[in-house]
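Labels for the chains are A, B, C, D, E and F, by order of writing; each one numbers its residues from 1.
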Amino acid sequence: MAATKQLMDYDVDEAVDVFALLKSADVRTAKNGKQYIALVFEDQSGEISGKYWDASAEDVKNYVAGRVIHLQGKRENYQTHPQIKIFHLRLTGPGEPADPDQFIERAPMSRTEMEEYINQTIFEITQPTWNRLVRKLLAEFQDQFFTFPAAKSNHHAFQGGLAFHTISILKLAHSVVAQYSDLNAPLLYAGAILHDLGKTIELSGPKSTTYTLAGNLIGHIVLIDGELVRACDPLKLDPQAEDVLLLRHMILSHHGLLEYGSPVRPALREADVLHQLDELDASIMMLDTVVGHTEPGEFSERVFAMDGRRFYRPTTDTPQPKTD
Amino acid sequence: MAATKQLMDYDVDEAVDVFALLKSADVRTAKNGKQYIALVFEDQSGEISGKYWDASAEDVKNYVAGRVIHLQGKRENYQTHPQIKIFHLRLTGPGEPADPDQFIERAPMSRTEMEEYINQTIFEITQPTWNRLVRKLLAEFQDQFFTFPAAKSNHHAFQGGLAFHTISILKLAHSVVAQYSDLNAPLLYAGAILHDLGKTIELSGPKSTTYTLAGNLIGHIVLIDGELVRACDPLKLDPQAEDVLLLRHMILSHHGLLEYGSPVRPALREADVLHQLDELDASIMMLDTVVGHTEPGEFSERVFAMDGRRFYRPTTDTPQPKTD
Amino acid sequence: MAATKQLMDYDVDEAVDVFALLKSADVRTAKNGKQYIALVFEDQSGEISGKYWDASAEDVKNYVAGRVIHLQGKRENYQTHPQIKIFHLRLTGPGEPADPDQFIERAPMSRTEMEEYINQTIFEITQPTWNRLVRKLLAEFQDQFFTFPAAKSNHHAFQGGLAFHTISILKLAHSVVAQYSDLNAPLLYAGAILHDLGKTIELSGPKSTTYTLAGNLIGHIVLIDGELVRACDPLKLDPQAEDVLLLRHMILSHHGLLEYGSPVRPALREADVLHQLDELDASIMMLDTVVGHTEPGEFSERVFAMDGRRFYRPTTDTPQPKTD
Amino acid sequence: MAATKQLMDYDVDEAVDVFALLKSADVRTAKNGKQYIALVFEDQSGEISGKYWDASAEDVKNYVAGRVIHLQGKRENYQTHPQIKIFHLRLTGPGEPADPDQFIERAPMSRTEMEEYINQTIFEITQPTWNRLVRKLLAEFQDQFFTFPAAKSNHHAFQGGLAFHTISILKLAHSVVAQYSDLNAPLLYAGAILHDLGKTIELSGPKSTTYTLAGNLIGHIVLIDGELVRACDPLKLDPQAEDVLLLRHMILSHHGLLEYGSPVRPALREADVLHQLDELDASIMMLDTVVGHTEPGEFSERVFAMDGRRFYRPTTDTPQPKTD
Amino acid sequence: MAATKQLMDYDVDEAVDVFALLKSADVRTAKNGKQYIALVFEDQSGEISGKYWDASAEDVKNYVAGRVIHLQGKRENYQTHPQIKIFHLRLTGPGEPADPDQFIERAPMSRTEMEEYINQTIFEITQPTWNRLVRKLLAEFQDQFFTFPAAKSNHHAFQGGLAFHTISILKLAHSVVAQYSDLNAPLLYAGAILHDLGKTIELSGPKSTTYTLAGNLIGHIVLIDGELVRACDPLKLDPQAEDVLLLRHMILSHHGLLEYGSPVRPALREADVLHQLDELDASIMMLDTVVGHTEPGEFSERVFAMDGRRFYRPTTDTPQPKTD
Amino acid sequence: MAATKQLMDYDVDEAVDVFALLKSADVRTAKNGKQYIALVFEDQSGEISGKYWDASAEDVKNYVAGRVIHLQGKRENYQTHPQIKIFHLRLTGPGEPADPDQFIERAPMSRTEMEEYINQTIFEITQPTWNRLVRKLLAEFQDQFFTFPAAKSNHHAFQGGLAFHTISILKLAHSVVAQYSDLNAPLLYAGAILHDLGKTIELSGPKSTTYTLAGNLIGHIVLIDGELVRACDPLKLDPQAEDVLLLRHMILSHHGLLEYGSPVRPALREADVLHQLDELDASIMMLDTVVGHTEPGEFSERVFAMDGRRFYRPTTDTPQPKTD
């Protein structure tokens, strides 16, 4: 009876029969005065919402975030947003899946692979100040770096997403360095590794991610700058020495525009490149998800983080070229 | 022969005869191929520019920034900008003024008075974390704080301007606290004292002020945040504790808008008030200078730092009320 | 049984039992086709909304704006907005409160105190033209000036709010004049008194305030300018004389930016100061309310009139300094 | 010897030999320290600038604004701006033209024709309040209305330009009313006649036009609103009656956007139409001049008042259709 | 029983009894979990929405877009939007209206009249290249041009609206050419006829109009430019010849601003005029509908396509002047 | 005597002695009334300007764009812009360089290498419609594509720059396709090859490049779309078929924003990626030049095409990592 199909594999109007995790569960009052639960279901294929009408007190107690459930229903669209119309819902019992971790979306690389890639790159940071600062700060936030998401929502909002996004940028950076040889590779790599490390302080953790008070009042860009300055004392570095300033500038300017929260605009070639690669990776990841959830021949729902644009998924069948 | 009148006391078309300081001296080539020196004269009444035509090699050697000179000429306007048409120029000799410091604009309070005011206010910062951080950082940048200008140009661009601007804000803050009793006075005072302290790192010093590399790549807002975080370790404070975050937020948000270089917008009542008082003091100081240099019945030249607006100086004679 | 606690004194999930005024009552159709009444309750502590489900024809007739009611229910939050879940509602009977005026929010100064403050300030307007224009216009709109709110919603939206807001600005203006002696005090005071007087034409009155046709088609800024020009004839003043123009400019430019409805930007020092003090008082008043209604350790709901920002209420306990 | 050709009839590099008026004459210092006079020549074909080098004290005394001169030189372009290279310049003598009025650009309709057109239109303003207000205000500013320019520079900046621009809009308004019968013709006509009448207070007069203090501090839109309100008393009209408000709104909103100085945006169909017809006439008049001064096959210089756009003058020869 | 009154003739709270067409019918789930149908009714007076609660499976099958129905209910307002509260709904039977075309809004000119006007204008396009291109493209899209709406919604969103809007602009263009004789009439007329012809490719057709894929990915402005270039080959014209470029520019620039989808801004007098006439006609048509649906003395709902402004319908009674 | 050092190899204040090409030569009048020639010198290292004072008629005839000259002078800075102070200038004579082509900056790949790379990539465009359209359009504009610059100024403004910029993007595109496998590689490559091909119509040619009339009135984006549509007829393709629309959309949207001249915003993943890679390559190329011309430890002059930012050239010595 249990489905091997996953949540996002169902077409519109298809009958749904799956095990899934309750990612969130908000109790609300309907306009007729009765309670319902606004649920978000999750498995490794993604997440989708559904409403559980006329919820009893017991339902409210059972269906809370973090529980694994069995769901039967129908895949629908509500104003272009996909959702599940729930026919039957129950907690899983003996012999059925019960471990929430099985249903959590995670980075497509293992932690070991990611650690290896980062360590490999650190060898290429041949400037001693940058190398030491990167090692020091990574050591301090090691565990968070490899488990936190890169954002609360939008792009790379999954476990390990922060490290995975960092590595994607590093890969792009290697291609760019190979093509434009005047760029300062160690500076670009060091900046890429540290640019979002402040998210380990800005966000609450890998699950049910929210913003911390530090995140709301300071923001990840300045938070990691503060930690970098603080790391200078034990390393006997001057935070106002040119090489330290260059690395701080890489981090501080990586949002590109003041309006996007960078206190300075990029004033180094490498800072400008880092900003562009950050945007490139984030937008491709976001569009892969958005277009992947759109039917061929249709436009996606509006993508808030990309100015509300809608993206088209073509029907044209294209043989991919060999790219050995 | 020496004038007791100062540079800014002359009317248009009046003959000028003063001792003054050369604030800057740039050698340029005229369109006819000859050299001239673009000079800026300064005394305690303000500064004004003038061009020294057909400069010889010796002139170029003599008339450099920092020298005290005797100037004869005529006060003119060039496209609404005041300037001096130079008739005669020479270095001062024996028995004449020679000390540049005599001619430098400075804050209308003495350093001692300013130090007393600041010390007095620190007593009112009754929250221990904020009190200790303010003391620690002021101790570190003490000398610069009481001698640096508040800016390279525009408002409070004179020796001691940084402390004087800070004290003006503190005075306004005391009035506001007296009127709106819900405000957190210690937080507002601590934020006011530290808000521009980063300028001691951003700017090169009290004379011939330029931006440092740290100023250009990081900016004074984030520079002082870094120093504050760094100060936490010896004080055994957690930079992410709520009280520390509140003070950091006061500093970081004081430009009000992301476009103006604050990485976060004010999210505390006191942070919003600090931002507004900062603007109020800066704009009044700027307009006092601008309107003071305008003839009654005329509009000033455009004030770049206030959206290029021109301000009118009325001819209406108004008896000031008694405000005892 | 009647509560001495007021509407805004209850915490989330606490049982509510109060007398209150119905500020507004809109009959709507629920998505199930039945009628409900969207109510706003008010007392001197503030206002809060609630929905009365399955309203009968008699309920619709009884529960209308202006009636005093007895309310039992529970304090809740709906998407960060506070509201009351209604358990029981009835009109008050004999021996219970019945006078709506008891429940209306009003300025924290009495009318007499406010009149005295204004009269006192008029003595300080030592320039005769401004003095006469202020007296003439205040005489004409006297009653409205001391009873109207300063706005339909947002800041000072209570009875007497217009005069109270004006007086707050005057108090700030006195502090500023004391600190910056070059400012023209009579001009600043006269401008402050008249700046929002047009609201007595723009708004419909102290209760159930709406915009008049004149308010919608002309706006309070130009409305009072028109009345000022009209007052010149009986006072034998030329509306284009410099002193009259200065006062008109104070009023016309006080919104600061053309986008905010001022037909000219401030071109007088005093006009710029008036604009800034207006914003300062309005924002502090608004934030006092917003932060006052937020739990310690939480962010407020978005404040529409301040660019949708959310404000944090700290948990840090701060002893206020003595500021005698 | 005297030319019948006018200033704007010469091609680039052609020798110029004309009588003209000195519209303005500014004495400046060249970068070599010598004086020159920046002149603007004018006749009925338009205006063009030229520089008179190495000016003697006598030259400075002779060549002032308002003098008629004889000019020989060459038509040139300086960075796409047309100018005259001056070979010979002298004041005119006996038997030569001496009356400045002969050389002033003026409206292509005579004052009598314009007065007739306006009077005719007033008959069509069949609503009594609007009719009386229009008559009253026109009577007051009659002479200025028919002689002032519509602007200091840009469109209709010639003697009688204000009335001519008003009449052009009225002609367009008649066409629009004929095509869209739902429009309120009397309101549209009354609004059109009054919309720019405030320029008679904003500008200094028909010659050497500058902004008055009232123009700078209040602006023509609010100035005429004030006069309209003031006119209500003798006419026994209520300035807040609906019909008066409608006419005031027509004037106040005619710049269309707050950013362009209207304190309210158009909220009447007729107000929106008036705004659009105002822009249509102003832009066609401006482009007729700009394109008329451009060579076929070339782009004009940038038109500041139209967002800095450059306009192309085609070489294509097009037979105009008969449009009887 | 059948009403001669039409949908938009009813006042608020009046009982409605009409035949009408179902323009659209969306089945949705209410917050109580039951189905309802969101209907839009249409007849030649306009369109209005209503909700059909508790819809059965048979209702869902019957009440679909394109069916003629008999409707009884009440005219209401929901948050300033007009709607019908449905009491009784049924499909029409024998002897009752059944032809959807009877209920569709259409242009106020017949197709024959419109064809005649266009043909007449083509005679006035005396430049051969433009004449041939206009004839060729009109021939290709003849049928669509005279039956398509000018937009999916907003202005001229009715059958024949595209041709009618084009003709309105041509009429305005004739008035403007008569008043400003320097304009190139054939260029203006040719540009006006072609400016929106791309909508025949951008939109799906006269009924249930949606955007095509070509409309979404390319847009009507560039679509018709492509067809014009393509038409050059059979006509043996060079798409880069000056006369062809002028006509292409008229089309490409007619939205006026890059932000509105024009790839170039108007750089010809005639292009600027076409842009302004397009806006003038579209806005008057839109406001005629909006104000026509507003009660005297009230403001309309917000008009999205005009920056969300609300428009006032006066109560002032104005005798229209004779305009023979 | 002839220098092997090139123009851009000289430091400030160093004596210059080189052969170079006159890229442009504008005769102007100095403020003292004498003629001078504003020259731009060019060789393969870049370009630099200089002023030739007191030019005789013969100088004006000799020193025109396109002539090879011998130049002696001094390298200076004028307000942060590098320039040459000219000591001696003469045309080259027998036995000295005379061929302008020797001094023209050109792409760092030979035409043959570039042709091979493009041909290779066409094999990877495995979708037949795109393959045929790319071949057809490249065939038509073959010669221009490999010789034109990519712009009049700014990035890739050298001979062959258009093809070189296209190939740089293609190289980046290959890296991106290798990293993000969901992207449609043939669509991305076809779009990249055609995206700027319209510049062959927009620009006048490889030397003394100016905008054509077609470039000014239509722009390169729409020009190549027109040619693509026109190419459909001989290839028997429907310009509105989905696969053709996808390719047209790639071209039309590649400027990313409407404000930058794209008539539609990217609505395909590949279109968004193309836009970003275009910006990435253009900005790196521009910054390589700008930073290359800046002294270590200094900020560059403002880069107009990058929002006027200034870029810092560090002094930090960084060993590049091995990236085999």
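Heads up, the rule we're going with is that contacts are C-beta pairs under 8 Å (C-beta built on N, C-alpha and C of every residue); 3 or more make two chains touch, one makes a residue touch a chain.
Predicted, not measured: the structure shown is a model, and the values here were computed from it.
**Q** Would you mind naming the chains that touch chain B and likewise touch chain C?
**A** A, D
**Q** Treat each pair of touching chains as one step and give the shortest count from chain A to chain D.
**A** The least step count works out to 2.
**Q** Over half of interface residue numbers shared between chain A and chain C means same, under half means different, so which is it?
**A** Different-residue interface.
**Q** How many angstrom between the C-alpha centroids of chain E and chain D?
**A** Distance between chain centres: 38 Å.
**Q** CA centre of chain C versus CA centre of chain D: separation in Å?
**A** Between these chains, centre-to-centre, one finds 45 Å.
**Q** Would you kindly tell me how far, in whole Å, the mean C-alpha position of chain E lies from that of chain B?
**A** 60
**Q** What parts of chain F, by residue number, touch at least two of the other chains?
**A** Counting only residues that touch two or more other chains, chain F contributes 31-32, 213, 216-217, 242, 246, 267, 299, 312.
**Q** Can you name every chain pair that touches?
**A** Touching chain pairs, listed by label, are A-B, A-C, A-E, A-F, B-C, B-D, B-F, C-D, C-E, D-E, D-F, E-F.
**Q** Per the contact definition, I'd like the list of chain F residues that touch chain E in the complex.
**A** 201, 212-214, 216-219, 221-222, 225-230, 232-233, 239-240, 242, 245-246, 248-249, 252, 258-264, 267
**Q** Touching chain F in the complex: which residues of chain D?
**A** Interface residues on chain D, with respect to chain F: 30-32, 34, 36, 53-54, 85, 299, 312.
**Q** Taking the complex as given, what residues does chain A use to touch chain F?
**A** 123-127, 168, 171-172, 174-180, 182-187, 242-243, 246, 265-269, 272-273, 276-277, 279-280, 283-284, 287-288, 291-292, 299, 306-307, 309-312, 314-316, 318-323
**Q** Considering the complex alone, what residue numbers of chain F touch chain D?
**A** Chain F reaches chain D through residues 29, 31-33, 213, 216-217.
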